[in-house]
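In what comes next, chain A is part of two complexes: it sits with chain B in the first one and with chain C in the second one.
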Partner chain A sequence: MTVQATDEDIRERASIDRSMRFPVLFFFTSAAAWLFVATILGFFSALKLRVPGLWEECQFLGYGRVFPMHMIALVYGWALQAGIGVMLWLMARLTRRELKYGMGVVVIGHVWNALVAVAVICIWSGFGRSIPLLDFPGWMAPLFAMVYMAMVVWVIPMFKTRREASIYISEYYLVGAALWFPWVFITAGILISKEAAPTMAAGAGSWFVSNLIYFWMAPIALAVAYYIVPKIADRPIYSYGWAKMGFWILALFAGWTGFQRYYGGPYPAWIPAVSGAAVVFVLLAVVATISNLAMTLRGKTKLWEISPSLRFTAMGMFFFAVYACLSAVSIIPMVQPALQFSFFLSGLDVLAIYGFFSMTVFGAMYFIVPRITGCEWPSAASIRNHFWYSTYGIITLIVCLLIAGLAQGGNLSRPNIPFSTSFMNSTCWVVGACIAWLLIAVSNLWFFYQLALMFVGKGRKSEGPTLIHGGHDNAEGAAGTA
Partner chain B sequence: MSTGDDRNLDYESGTASVVDMHDSVRREKILQPSGAESLGLFPLVLCGLVLIAGGGFLFKNANGFSDSTYINSDYRPDPKPVTDDGDGEAEEVAWIDSWMKEGKKVYGNCAACHQPTGTGAPGMFPPLTGSEWVDGGTARLGAILVHGINGPMTVAGQSYNQLMPAWGTLSDKKIAQVITYVRREFGSLPEGDDGVVTTEMVAAARDMFKSQSGPFTEAQLKAIPEDKQLPGAKVDLQTGDPL
Partner chain C sequence: MSTHHFWKLIGGLAICFALPWTFLIMGPYFSEASTKPVPYSEKDEVEGLAAYPERSTLRYGSSDYGAKIYAAEGCAYCHTQMVRPTYAGPDMWRDGWGGRDAEGLSRETRPEDYFGESFAYLGYQRLGQDLSNVGHRITTREAMHRHLYDPKSFDGDSGMPKYLHLYEKDKVTGEYVPTAKAEALVDYLMSRKKDAKIPEADKRNG
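== the complex of A and B ==
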């Protein structure tokens, strides 16, 4: 059943896309640039783990600085900007509203980029704090919060004046993501201030990381998936009820997660227990989402072979399920003591940020960019390379970090083994992580190059989308798959 | 279809006819109203399992939501001591340390009466600290452990009247370990006595008192010379090898 778009619809789409052109492209290109910086830094930090003596005269190249720089560039430079670009475009399309005063968003986007740059430079020159994903100096936190709110505030009027009364499921997720992040960020910022008890700061740091993933990255990625999959499959979402249930499950339980990482730590035992249970309950949202999307796509799985958007999104959703399941496995009392405070947990973070969130957002970008630039992706081969290098990179990274984590965590629990030995015993797996980051960096090089071509209007100008297989003039492509 | 740059311009103008608009805009499908199908049984069952797992985890680990319980009773970082992991970097544990550690475990049997600190309970159970029976030779201690004591007895100037059961059912090694532990931990040993009793010495004690039936009385114990030691080779405290 194909519902043809009317001329009216098409005009409307074109004018919305036109209003989005500069803001969204700005966020996407600057995000991609930060992603490239982040992957290079990720490679160097993995290298420093393996060869700690490398350039030891240069303090500013030490692991203690390169790793936080890498994470800040990855999260605040890449993830947040890419997410906001996707959020603006999706919200405009779903509410059928053009973005008013779009240049205002671009100006604020520049301020955000400047802030991220200052944060990275501060860490580089030794003014960072050792709190995961909040490593920048404390005085920057309120600035980040304010500029973030100035960026997302644009989606609220679009949502309030939406054309249709019924709310599409992606709109739930987008509004959720827009509003939850300031709450998570500001709460964590307050709890981590200098006056707070150190145990509270540690717990709040872990709570922040967990909620950045479940309350910001997950909603945006799920909004993308609920948009891309029905669009490409040309089908309605299978079950609106289950989709909404997934949203409310996430809203209800995600905020409780985080403290499970300090199971056995200096907190009343019920706090990590509640967090652990919340991690398990979030699996309900995974079941609801994945089965719903799978049913929406049923019988049309060969679209996977031709549509880049669908392929990246589907792989992102796969990593979402893997991430949620591994998080739940890691709280089982039998394995938890062996995994705590090891590479395993940083592996999980990367799985969420790169494997789950970024892959899904790449899917959205492959869909959005041709529409806002008016030209097609230059090369199907580059998209293929981007996909496979990213996928193999992320799988290598996860497997290596998980095994390194098991080796390290197991040794950490044995009192007779010195700490440094437990660390060094696991670094052979860090070699794998180095290679993985290199693969990811290469894959992003392809992506960045293509995006730059699209940005300057040098994409393909032909009819028909760029498909992964089957050539540009594929009949299926002409039927509307991109 | 090959077209020039003008395609892009059409797209930007906004007034172009739909046919001239860029292909990506035209080819896009319309987003259909969301369905309301049933997902069937499988996801429901899966959700049920998740609920059971999460709820089970919560109520097993939450400790009744008590604010004063910090560590769950089942939280056990791997307790096995590892003496050598093969890389030669781990430190060797001295033989006497592990011997004492095992002895302390066996002493769990004794602590109910003699107390974990070896002080006993005045009037009820005799102490091990400051006791002449502990500080003296090992033969009397061996006899007590293997066969037990019954009846009135004077320890550290106080008299007691109790039955101490025989522990001969324990292995020689465990008896040796617990005597070593008691002597080194609670006794005040004479110069030159390291307090160590070996498995071999306990075997000798069994042999020495094999004619005894039932628990010893104080008079029978007094018949054993106070400074009599159980026969057996002394051992090196680091390695446990006989000297």
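== the complex of A and C ==
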């Protein structure tokens, strides 16, 4: 990583970046647009929780419809598209292969966006299925699977015909994500549509959500972190052994998670127990990975002040550690009964999707977009605003949902307290969630505006990258050409 | 990289995933799908039912269509249908959650209780009451309808919105007249009775 780049290398990278330009920018901008839609829907669903009677004559604004629309827009509109964009670019860079048929990928990307829009409209107009993150009507699932594979399949030939002799750890994660996700998605889709075993179908739905986080979001975010951190710190990762160990621990155990959400549910008792144990083992992978990244950055924390990519990625990794720890805490038998169906667990979902995955992917975007467009981010102030509004927003959201969960769970676990008290005592915290979603919406409006400027080529034309503080010619400038 | 290494990595990734896929998902799935009802014997002292689980008690009227309405309105995001055993939560101490307390039939839910349904709506959050046995708690259709179009008339603190779009207001009397959707949803809710007695012969009962 630290080897000085030759002129030929730079030319080669430029041609790879050119081949990626339209597909990756397309995925990023449409993802950012969906993210904005999702945050607005998130605000409305939180508002509906606080004031259930609001607009109750209108069937299209019920919480039971707005909340799944929000989740679908957030995951399928934003997370999957942004992740695929990052995956394609990183894989091309690491394997030194150009993306063939780039325009074909753009066409398929349009189909994907249309599918997400149809899914959201279906839920809105009353064809939802009440299955978290699989709410769209059953006939859409095979379409989603096919379009996803058509977008991601290019990663495999790139990797197979790679020109570097050694495999970098990010590539393990990317190949893993590309391979595992369709398998999880198709399995859950088929088992649910067969309608042969109702409780295992529900379990497969929960297993899908957990694997979406651990087998798709986590690998992509970690691939980004293993790429960005050494690049910006300008030194190799601290221990390659740890990195590989973290990868294989995640690969071995993440697939067993999912059923801990239905602890005590209608399953053989060993199933949720095994899932709970797997969550704890996954924590090991997280510890190995995060400490490895932290050691890579040791003594260079000043870079946080300068590089937007590093700042977002580091914050994402911090949220990953918090997520993994809280997930492990939430399955301790002492607290699990209270937290199981509370805001605590839905707060954890948001922490994974927005706090950990999205922040890391923002970091990647701040790195990638200047390279493929050939111009720099228009304004450092906007990057700062995006960062702080997002960070404060997500922290407010998580803290409020976690406290709401504790209040709700505490009341639920005392049967002498009337049931509705648990609702009253928890939804006062939802006010905080409303405000947080607004903060996040504002921050993403900034981001989308900047990204749109870059998309139409109105970015800053300059030699050096846009840095958070200070001039344009220090650390990332050196790392930036690489 | 040689093709050999490529396939070794792909194989490793596949094996890591195939283990939970086989043992956590597919195995239990097919085992549940092949569940056969266990007939009641005389010792069980159950009247009117031949076996557990009994399809006829779990679905009636337009309850299948009602399940679709239940899903489309997102009911499962606020209501669970899963009563946990005492080691996993205090659900059984809530009045009527576990079933008919007075007849000693209160218990946690089991996989067989969902027999014949297309999907078990176990739930996401518990913002509303558990509905596993709501058919035993709310016993008349009128009361069930009123729970849907005016939930606050039962509990002023209830966080449930009015589902007015499932009803039509009669222009003459001013009363709410249920649509076919509302009737189906009530059929579904009235069929939520997951406390059938477990036969002695059921091996899994041990």
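Everything below uses one rule, namely that the second predicted complex is superposed on the first by the 459 of 482 C-alpha atoms of A that agree within 3 Å, B and C clash if a C-alpha of one lies under 4 Å from a C-alpha of the other, contacts with A are read in each partner's own complex, and residues count from 1 in each chain.
Assume contacts are C-beta pairs under 8 Å (C-beta built on N, C-alpha and C of every residue); 3 or more make two chains touch, one makes a residue touch a chain.
Because the structure is predicted, anything quoted here is derived from the model rather than measured.
Asks: Is A:S413 touching the first partner chain B, the second partner chain C, both, or neither of them?
Replies: Touch status of A:S413: both partners.
Asks: Could you tell me if A:A204 is touching chain B, chain C, both of them or neither one (first, second, both, neither)?
Replies: Only chain C is touched by A:A204; chain B is not.
Asks: Under the stated touch criterion, which partner chain does A:V155 make contact with: chain B (first), chain C (second), both, or neither?
Replies: A:V155: touches no partner chain.
Asks: Using the superposition on chain A described above, determine whether A:E57 touches chain B (first), chain C (second), both, or neither.
Replies: second
Asks: In the superposed arrangement, does A:S291 touch chain B (first), chain C (second), both or neither?
Replies: In the superposed model, A:S291 contacts chain B only, not chain C.
Asks: Of the partners chain B and chain C, which touch A:P268 in the superposed model: first, second, both, neither?
Replies: Both partners, chain B and chain C.
Asks: Once the structures are superposed on A, label A:D17 by its partner contacts, choosing first (chain B), second (chain C), both or neither.
Replies: Touch partner of A:D17: chain B, not chain C.
Asks: Contacts for A:S239 in the overlay, against chain B (first) and chain C (second): which applies, first, second, both or neither?
Replies: first
Asks: After the superposition on A, what does A:P337 contact: first (chain B), second (chain C), both or neither?
Replies: both
Asks: Report, in rising order, the residues of chain A that make contact with chain B in one complex and with chain C in the other.
Replies: The answer is residues 263-264, 266-268, 274, 337-338, 413-415, 418, 421 of chain A.
Asks: Spell out the part of chain A that touches chain C in their complex, as residue ranges.
Replies: Spelled out, the residues of chain A in touch with chain C are 48-49, 52-53, 56-59, 62-65, 67-68, 126-132, 159-160, 162, 164-165, 167, 172, 175-176, 179-180, 183, 187, 191-192, 194-204, 207, 215, 248, 251-252, 255-256, 258-259, 262-268, 271, 274-275, 336-338, 340-343, 345-346, 408, 412-415, 418-424, 427.
Asks: For chain B, which residues are in contact with chain A within the complex?
Replies: Going by the criterion above, the answer is residues 1-5, 7-8, 11-12, 14, 18, 21-39, 42-43, 46-47, 50-51, 53-55, 57-58, 60-72, 74-78, 80-83, 85, 87, 89-91, 93.
Asks: Sort out for me which residues of chain A touch chain B in the complex.
Replies: Touching chain B: residues 1-5, 7, 9-11, 13-15, 17-18, 94, 166, 168-169, 227, 230-232, 234-243, 263-264, 266-270, 272-274, 276-278, 280-281, 283-284, 287-288, 291-292, 295, 328, 331, 333, 337-338, 370-371, 374-376, 410, 413-418, 421, 457, 461-465, 478-480, 482 of chain A.
Asks: Quick check: in the complex, which residue numbers of chain C touch chain A?
Replies: 1, 3, 5-6, 9-10, 12-14, 16-17, 19-21, 24-26, 28-30, 32-33, 35, 70-78, 80, 82, 84-85, 87-90, 93-94, 108-111, 113-115, 117-129, 155, 157-165
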